[in-house]
Amino acid sequence: MAISFEENKAFDVIAFGRACIDLNAVEYNRPMEETMTFQKYVGGSPANVAIGCSKLGLKAGFIGKIPDDQHGRFIEQYMSSKGIDTSQMVKDTEGRKTGLAFTEILSPEECSILMYRENAADLYITTSEVQEEYIKQAKIFLISGTALAQSPSREAALKAVHLAKKNNIKVAFELDYRPYTWQSREETAVYYSLVAEKADIVIGTREEYDMMENLSSEGDNQTTIDYLFQHEPELVVIKHGVDGSYAYTKDGKSYQGKAYKTKVLKTFGAGDSYASAFLYAILSGKDVESALKYGSASASIVVSKHSSSEAMPEVSEIEALIQENNTYV
Amino acid sequence: MAISFEENKAFDVIAFGRACIDLNAVEYNRPMEETMTFQKYVGGSPANVAIGCSKLGLKAGFIGKIPDDQHGRFIEQYMSSKGIDTSQMVKDTEGRKTGLAFTEILSPEECSILMYRENAADLYITTSEVQEEYIKQAKIFLISGTALAQSPSREAALKAVHLAKKNNIKVAFELDYRPYTWQSREETAVYYSLVAEKADIVIGTREEYDMMENLSSEGDNQTTIDYLFQHEPELVVIKHGVDGSYAYTKDGKSYQGKAYKTKVLKTFGAGDSYASAFLYAILSGKDVESALKYGSASASIVVSKHSSSEAMPEVSEIEALIQENNTYV
Amino acid sequence: MAISFEENKAFDVIAFGRACIDLNAVEYNRPMEETMTFQKYVGGSPANVAIGCSKLGLKAGFIGKIPDDQHGRFIEQYMSSKGIDTSQMVKDTEGRKTGLAFTEILSPEECSILMYRENAADLYITTSEVQEEYIKQAKIFLISGTALAQSPSREAALKAVHLAKKNNIKVAFELDYRPYTWQSREETAVYYSLVAEKADIVIGTREEYDMMENLSSEGDNQTTIDYLFQHEPELVVIKHGVDGSYAYTKDGKSYQGKAYKTKVLKTFGAGDSYASAFLYAILSGKDVESALKYGSASASIVVSKHSSSEAMPEVSEIEALIQENNTYV
Amino acid sequence: MAISFEENKAFDVIAFGRACIDLNAVEYNRPMEETMTFQKYVGGSPANVAIGCSKLGLKAGFIGKIPDDQHGRFIEQYMSSKGIDTSQMVKDTEGRKTGLAFTEILSPEECSILMYRENAADLYITTSEVQEEYIKQAKIFLISGTALAQSPSREAALKAVHLAKKNNIKVAFELDYRPYTWQSREETAVYYSLVAEKADIVIGTREEYDMMENLSSEGDNQTTIDYLFQHEPELVVIKHGVDGSYAYTKDGKSYQGKAYKTKVLKTFGAGDSYASAFLYAILSGKDVESALKYGSASASIVVSKHSSSEAMPEVSEIEALIQENNTYV
């Protein structure tokens, strides 16, 4: 099954949600207490996906809110320099700040993030800042789960999804669960299921689907797709970490992708690079099986590097890795 | 078209939302500044509907949150004494209060309400206080729009609707728009359209549908039903005040109801008495045309009396009024 | 010792703080659940004191914030009709409401109050709404402890005290402790001691002084006055309920007042009527011993009646009671 | 006039307030948008003063609240390594973060700070976390104005000042005005004047005293000291930037200090280094005139270096600079 997209759209992908600052430990493989220097990058799942798509040659736009300060200006300048349309990145006028993520890399397997998300500007985008005329210009409207975590971003995101569906724009929902800012698992389940039922493509980890289904132990993929395929979704991707990922289509088919071998530096950015390459493949008319390979290859490239956004690969790098590896992990 | 309901359910109607206190002016036809005495009644749209249904012989249950104080206990005792199951009326433990509505009756046509809704207990019901096993026992699950106005009641209401649909319980959505507590018209539109799309029966005034559709001038009924019938609704009732009401069914039929003549004392409670009698008729297997008459007759009885809840009529009163009046206004 | 006041002031007393609505049970000696009718009065400690002072012939002014609604207008009209200058009662423009006190009179000894103080307008008076020129016109500036319970009223009250002291206006501090709105006992102690140290006259119950001193068991009067007389206070009144009250002056003298026999209907309003008659006596040049009698007599009159504000006595009633009773309880 | 301090105290100085993280631009003399790397230091005015005092050989303690995360642990470890007693640095248990200050150094004269102070842990220290037994052990209790900006830190600070005065501990008040977190100038004036009236030593810039006096244009030092010397203060320091600083004593004397020539890298940290060296001199029994020199010399050393805390000088450096310079700027 191939998903069909409308031609003659100004944008391949319009992403919605947060664009923030990552502060990555310069001195790593140690506790953050001992890290004295931090390197600044653009971060935030939907911003990373937009950057990833743009580096793969797609035309990307971004809807979000950033502060009118040095960090906000850096984000806009950086994304713009990567070819992303930033005309819908509105400036916060209330003195809010960008979210910050200080990364701690104790070892390749033990990474953690010290998050500053209190009163983050991205969560204050309002319904009136979402323009129907803009959303209509996308082949794919990509919404990140974190945008649902708090009002008024929550309502702006729900409105954006409503407008996309009304205009027959395909909605991709990256579950992108982050514990901070959500009040409870039940609250997350309410909004995740509302939006997943309306999306055309849903991408997430098994743990994120468990969150959507409000399960206390690990659920199974069949139950998940039985539920979602009663509603709008046509394509559901469920990631199982190093065990690879699965894609399911509404016509009953399923596909398995595997992770590529790599020298892991840190785990951050894997999901965002996966999503951008997967969407690139789908938009390029490749089959689902190939899209799984693109996603995995892109992820394995990013986890071997220091940043998430800056490390997003080009098509040639992804395809080279796929070529080299007929050996899966 | 007749809506079919499952047999063998413990409850005809389970209502969800606020149960509050009305303080009605004892001395009326004057500004409230000159009213020195107030009479206490149970109020709040879904509570009134539940009381109305119960007085019509239906088995009603209620899901809501009330304070553990004198007003909260009065509400529970009163509703219980009217035959309503109050087992799912949870007690607030944070010192919140019931909402209050002081009514001012300047003249039959000029009524206003002085509302106390700050930190009202009903808006603090949580997702974990909504029980799937209870909702499964209803023929109709009735949700009031005001329950969507604020978190965490908003999420509890969305979860309740999700559970009702999952269990094939018919959802009736009374738009019940109240300006206080909502942040903006756009916010209201987001949640009203989310729930209206999922409901089986939607009841509201023309102004309330304009709110749902985020219109700045009066919309038309055809556009409204064209939108809603693309989704779950089977039956849509749109009230036009003294010009009567319209019912539309998914099979393309439409029906017009007219208002009954009466000596109006005040306008409060008209919508709630309408909804309870309309649902009673539908649940009793009457046709939509009859249901419109039951609704109108019940409303005309309540507006001629001092209270909303205490004035809810019995079946015999409604049917007597319908008999007497083949003359519509 | 007699306290001296400046002559040629436009006001004897300017009170600062809350003016609210009391809703007193019409049917009493029963639980509030069984009370179906409520009578409306102006309430709130400093409003009651201002009304009490005005009925005793003093010229009173009031600084406070009231809503621009029916209850707010009633309060202003009532206070104005009692001769109080209401030019400094500013209107709230944010939709806040007056506080409400539903009184429950189970028996003369068991009275309780169901309070609505959430987002009460009086607590939102701001520093910029306090005018130095107005405060300068008072002989006594009366501040009620509840005005310190929350920002921005807290800062407005602190500014008002600062301005009064700067202009050599005598500050009377009625501790008036109410548990709601305060976050903790320690928070209360911080602000009570700050203001008590700056006041000239302090009036409160023993329990209220314990609160000021952050004591977990009952303190003793000597410790209290040892502390306060190191600072500004010249006169300290400590009330011990039915055991009467004590007044202490900075010159080392102490006085004891006793409670007058009466047929108690309810306990509300005793403190406010006490304060107004006590201040009346002091301002009239009577000695402290007489002032204690005026306070006690006024309190005993108010507790025998249904309201607090409306029941405030005239001078002749107080003096008649003092005359009749050379028998103290 | 020399201020006398009690002997036999465990601490010379106990500072109260915020201990945060400074993130200083590694690449400077450019807009922060172009700075890609940041160096981490301990920051926050009272923390810097405590570090400064400790490096000058004084025994310092600190009362504050830090998060239980990597930044919080770094702060505690760093301060402890500098010899400061951190036993009263309580851990926040609500997931709050340290404040952050990203410094932008456009040029030596144009420095600005991008502040993260939303929900900063230091502002959540509570009254119950302030121990009288600890405060009693200080010669000087140093309070920073920012600790008054928000509850509950505000009440904890007011309680700490109350306890210090009760136990005859000298209170030094560093006005340390920072615009964020305060609601309005009037609010600042209320709390600044409350604490300044109770302090023994007050240190601030002319602009900060204008804030305390709620002036809209520049005030004059004579009016300031006329006001403050009516209350507790014995010693008042008013800084006029490059024009030097003035010290006034209650006995009517005044002293002028001048700024030392230096090669300025940035302006941050000048005030904190000034305060620590000034207090060191006073505590060492030096006269006020000398103390002004110590303060100025210390400030001029810190502004020539990259950090605030790490750059705090030792006594020998200060004294060398004073020796070298009989030439004032």
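Every chain is named by a letter (A, B, C and D) in the order it is written, and numbering of its residues begins at 1.
By our rule, a residue touches a chain if its C-beta (ideal position, glycine included) is under 8 Å from a C-beta of that chain, and two chains touch if they have at least 3 such contacts.
As the structure is a computational prediction, the values presented were derived from the model and not from experiment.
Common neighbours of chain A and chain C, listed by label, are B, D.
Graph distance from chain B to chain C, where chains that touch are one step apart, equals 1. Summarising the inter-chain layout, the chain whose CA centre lies farthest from the centre of chain B is D.
Centre-to-centre spacing of chain A and chain D amounts to 44 Å, using the average Cα coordinate of each chain. The distance from the centre of chain B to the centre of chain D, each centre being the mean of the chain's C-alpha atoms, comes to 60 Å. Rounded to whole angstrom, the centroid-to-centroid distance between chain A and chain B, based on C-alpha atoms, equals 41 Å. With touch defined as above, chain A holds no residue shared between interfaces to two or more other chains.
In terms of which chains touch, the assembly is arranged as a closed ring, every chain touching its two neighbours and no others.
Contact between chains, per the stated criterion, is found for A-B, A-D, B-C, C-D.
Of all residues in chain A, only 126-128, 151-152, 155, 158-159, 162, 183-184, 186-187, 189-191, 193-194 touch chain B in the complex they form. For chain C in complex with chain B, the residues that touch the partner chain are 23, 26, 31-33, 35-40, 69-71, 73-74, 77, 95, 97, 100, 102, 104, 114, 116, 118-119, 180.
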